[in-house]
Amino acid sequence: MRALFVGRFQPLHLGHIKAILEISKKYEVIVVVGSAQESYTVKNPFTAGERAEMLINEKNFKGLNLNVIPVSDINNHAIWVKYIISLLPKFDIVWTQNPLTKILFEKEKFKVAAQEIYTNEYGKIYSGTDVRNEISNRHEDVWKNMVSADTYKFIKMIGGDERLINLTSLTPGYF
Amino acid sequence: MRALFVGRFQPLHLGHIKAILEISKKYEVIVVVGSAQESYTVKNPFTAGERAEMLINEKNFKGLNLNVIPVSDINNHAIWVKYIISLLPKFDIVWTQNPLTKILFEKEKFKVAAQEIYTNEYGKIYSGTDVRNEISNRHEDVWKNMVSADTYKFIKMIGGDERLINLTSLTPGYF
Amino acid sequence: MRALFVGRFQPLHLGHIKAILEISKKYEVIVVVGSAQESYTVKNPFTAGERAEMLINEKNFKGLNLNVIPVSDINNHAIWVKYIISLLPKFDIVWTQNPLTKILFEKEKFKVAAQEIYTNEYGKIYSGTDVRNEISNRHEDVWKNMVSADTYKFIKMIGGDERLINLTSLTPGYF
Amino acid sequence: MRALFVGRFQPLHLGHIKAILEISKKYEVIVVVGSAQESYTVKNPFTAGERAEMLINEKNFKGLNLNVIPVSDINNHAIWVKYIISLLPKFDIVWTQNPLTKILFEKEKFKVAAQEIYTNEYGKIYSGTDVRNEISNRHEDVWKNMVSADTYKFIKMIGGDERLINLTSLTPGYF
Amino acid sequence: MRALFVGRFQPLHLGHIKAILEISKKYEVIVVVGSAQESYTVKNPFTAGERAEMLINEKNFKGLNLNVIPVSDINNHAIWVKYIISLLPKFDIVWTQNPLTKILFEKEKFKVAAQEIYTNEYGKIYSGTDVRNEISNRHEDVWKNMVSADTYKFIKMIGGDERLINLTSLTPGYF
Amino acid sequence: MRALFVGRFQPLHLGHIKAILEISKKYEVIVVVGSAQESYTVKNPFTAGERAEMLINEKNFKGLNLNVIPVSDINNHAIWVKYIISLLPKFDIVWTQNPLTKILFEKEKFKVAAQEIYTNEYGKIYSGTDVRNEISNRHEDVWKNMVSADTYKFIKMIGGDERLINLTSLTPGYF
């Protein structure tokens, strides 16, 4: 049985990793890196290639039967699922926490499941928005613990934290 | 004489119907279903096909000389009117309440007219935004009286009210 | 019951007219003007707007329950039918002589029928390719009898025959 | 040595002119009119053609070695600089005040410089946003002194001030 | 070390399989399914999803460190490699037999290698064009031996041979 | 008075240069580098940037009032001229030898003129197709005399002749 796991991975965080590990126990997993065309914005700082690399290099996933596929948006909700089907190998179930993704797949009669919501030891939910905020606020001690060691190292190596800090400081102006 | 009536019809409401009936007395009417590529959003919950169906099935329009044409946005205002001309049969006048549509057609020397603003028995203006809000708020008694019997039945049949309620509840988050 | 009739109408010819009249006896007909983005080429000399006008003004269709809708190509066969569905009101059957259109709609479980092949009094099949060839060859006596009186008048009025003759004479070269 | 000067020029104002004059002392300048596809909005009221005309007709630039090139957005930040390179003649340095433009060019190892911030006699910075606001507010005496005599005359001639005032007054509504 | 293997896989044949097995001995392999937007044509009969499935299900690849990624064409050769880079994890070498792919990657300073040309026991080169021709000509005994057992079964299961035969018989005509 | 000179400049040759020099005597010239998105093909070997560079660096044009603007195709003939107008400063006349360009501009009431056909001392017409053929055939002595000294040097410097020879030798095959 094959499952689709749909996310934006801006960046890959511990919630994603725990969910994918859990789903992999029962399914071969196709990981869709959504909004692949987006990068260098506050909401989407990393390129699809960088996000794919976080997933492919992740030591926690060693030995799993994962396949990572970046998919660009097409901005036409009525045909999006059909577009996904045309690009990906067959799948039996879709895992997502995104309500629109859920609505669109269910309309096409797919089974949709929501992964468990994972929290850290203080009960705080892992969330991409939070990771990006902590990076923007230069709270390295905080965001470092929201991602894996591999992702932390990768973000530092490509200067992803400085990139996001710069993007956050963009102010409309003279241009 | 042929008139263009440009709207988004999210959904078709009594104001649209009264306006089209009025214009039809003097003109053969081409009804442009605008932003055809949009659907499954809070502002544009219905697909172009669903909106075209509301118009084509409307009993109030039986016997009228209407032609319904969905047109996708091209996001280049400078050539939009030329694009419309390339897709549609010739027309002599444009009816719209949208100020940008008016500016763009007038720039190309078209005659642009604004339909009367129709109100219900309590003096409330019929407006697509209001219909969507009432649907989102589960005020079925209210929005039912803002649309025709055919549109009401159609929206219920396709689960359009539940769809919009779900879309409204979308919250940014884990994804 | 509603039928889709899919054609390019470059230009509308007597074969199309006979077919649509026949289908209209049993169905409400949505006429799709395909390849709407194409014009001013040898294969597609007329704009979608001009083609829609041929259909809407056609006297043979007076009183019929037709709706004419131009649809641009999306060049992705795997999602084309879904795209058509998203734009058009519901339909129960598709009439087409185009084998690819047939394959794609049947894949999505639609019923597809082929109209009768209509011929003139000499047994010659009405075909868009032939009409365009006769126009290019300045055989006005010939092509005039392959289209309706309305279409003939319209093509002459917009200079469509001269346009096609010019397009045919385009030679690769200095540019 | 050739420099790229990247701006939106909505509209060309005295800050742009002073900067280009300064840069021209040392460089042959390619002026990129960015977001070329945008027009008839509050943020981008003028077409790329109108903006190119402001630059090309500007008397202050007479005798300079300028080349003006409109470039549309591609909405994929990761490949935008490569796209620019594919369209433009070689250049040695990029002048911009836009932080994202700076980030993207520096990522590709280009030298990026920021022009001086020019102010008027009261110390007020010249800014496109301000010019547009003053036009919207019908402060003709004010915005007239923020642009050159040529640009002022051109905006009046094409009715650009009335256009922007109309666009600003667009209210969401019946449509 | 990571290698890119770029192909269209219309369909996956024994030459591809032998090449990927060989390359996998030294590299982690990213398999790019090119022209992902193409399907249901004589040259590109299979959807990207179907082609990805051939690769992912292939028993010969069990245990390999493969990642399969469909990539649509962008029809702008000057930025294509940059586009590929923005979508994929980092790679150290590109394997391809396509001369244009080679030119474009080498222009961007990538190392490009050509896989060995594999032949069957009669010395005939494995080629996608040949497989498609044999399918079109209903030589099932022949093409069956040009692909793996998995691919053969898959093509039969989805009716891919009948699809290609139908597509080949498409004749221009009435439409 | 401003003239548009529309060409593809694959590559800039002596016929183009003589024509632009002639037109410049009476007009300020906007040189449109057409099909800007095309490159690395047999018909369009050079990028728009390279073609713009040939024009901007050409010594024969020193002192002329030229502005070079690359314009990508939009593949919708019905709106192409409007698109051009939206991007370029106002112009009074169009110079072109391309018959379709002529038809489309004349439809929009522009004055269109054809430059003289220039020939070399043996009466041979300068033509882009011929230059590309001579490059492909390694007749350097021949094509060298069909372009200016600057263009010759530039093509050699970027390896443009070897690029075109490689592109010409592309054979369909294994890929």
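General remarks:
Each chain gets a letter, A, B, C, D, E and F, in the order it is written, and its residues are counted from 1.
Criterion: a contact is a pair of C-beta atoms (placed from the backbone, for glycine too) under 8 Å apart; a residue touches a chain by one contact, two chains touch by 3 or more.
What you see is a predicted model, and the numbers here were worked out from it, not measured in a lab.
The chains touching chain A as well as chain E are C, D. Against reference pair A-E, the listed pairs D-F, D-E or B-D yield one interface repeat, D-F (criterion: more than half of contact pairs the same by residue number). Centroid to centroid, with C-alpha atoms defining each point, chain E and chain F lie 36 Å apart.
Remark: chain B and chain E have CA centroids separated by 46 Å (rounded to whole angstrom).
Residues of chain C in contact with two or more other chains: 39, 47-49, 76, 78, 85-86. Annotation, chain-chain contacts: A-B, A-C, A-D, A-E, B-C, B-D, B-F, C-E, C-F, D-E, D-F, E-F (touch as defined at the top).
For chain B in complex with chain D, the touching residues are 6-8, 15, 75-78, 96-101, 103-104, 117, 125-129.
Interface residues of chain C facing chain A in the complex, by the touch rule stated above, are 76, 78-79, 82-83, 85-86. Chain D contributes residues 36, 39, 47-49, 52-53, 56-57, 67-70, 72, 85-90 to its touches with chain F in the complex.
For chain E in complex with chain C, the touching residues are 37-41, 47, 49, 163, 166-167, 169-175.
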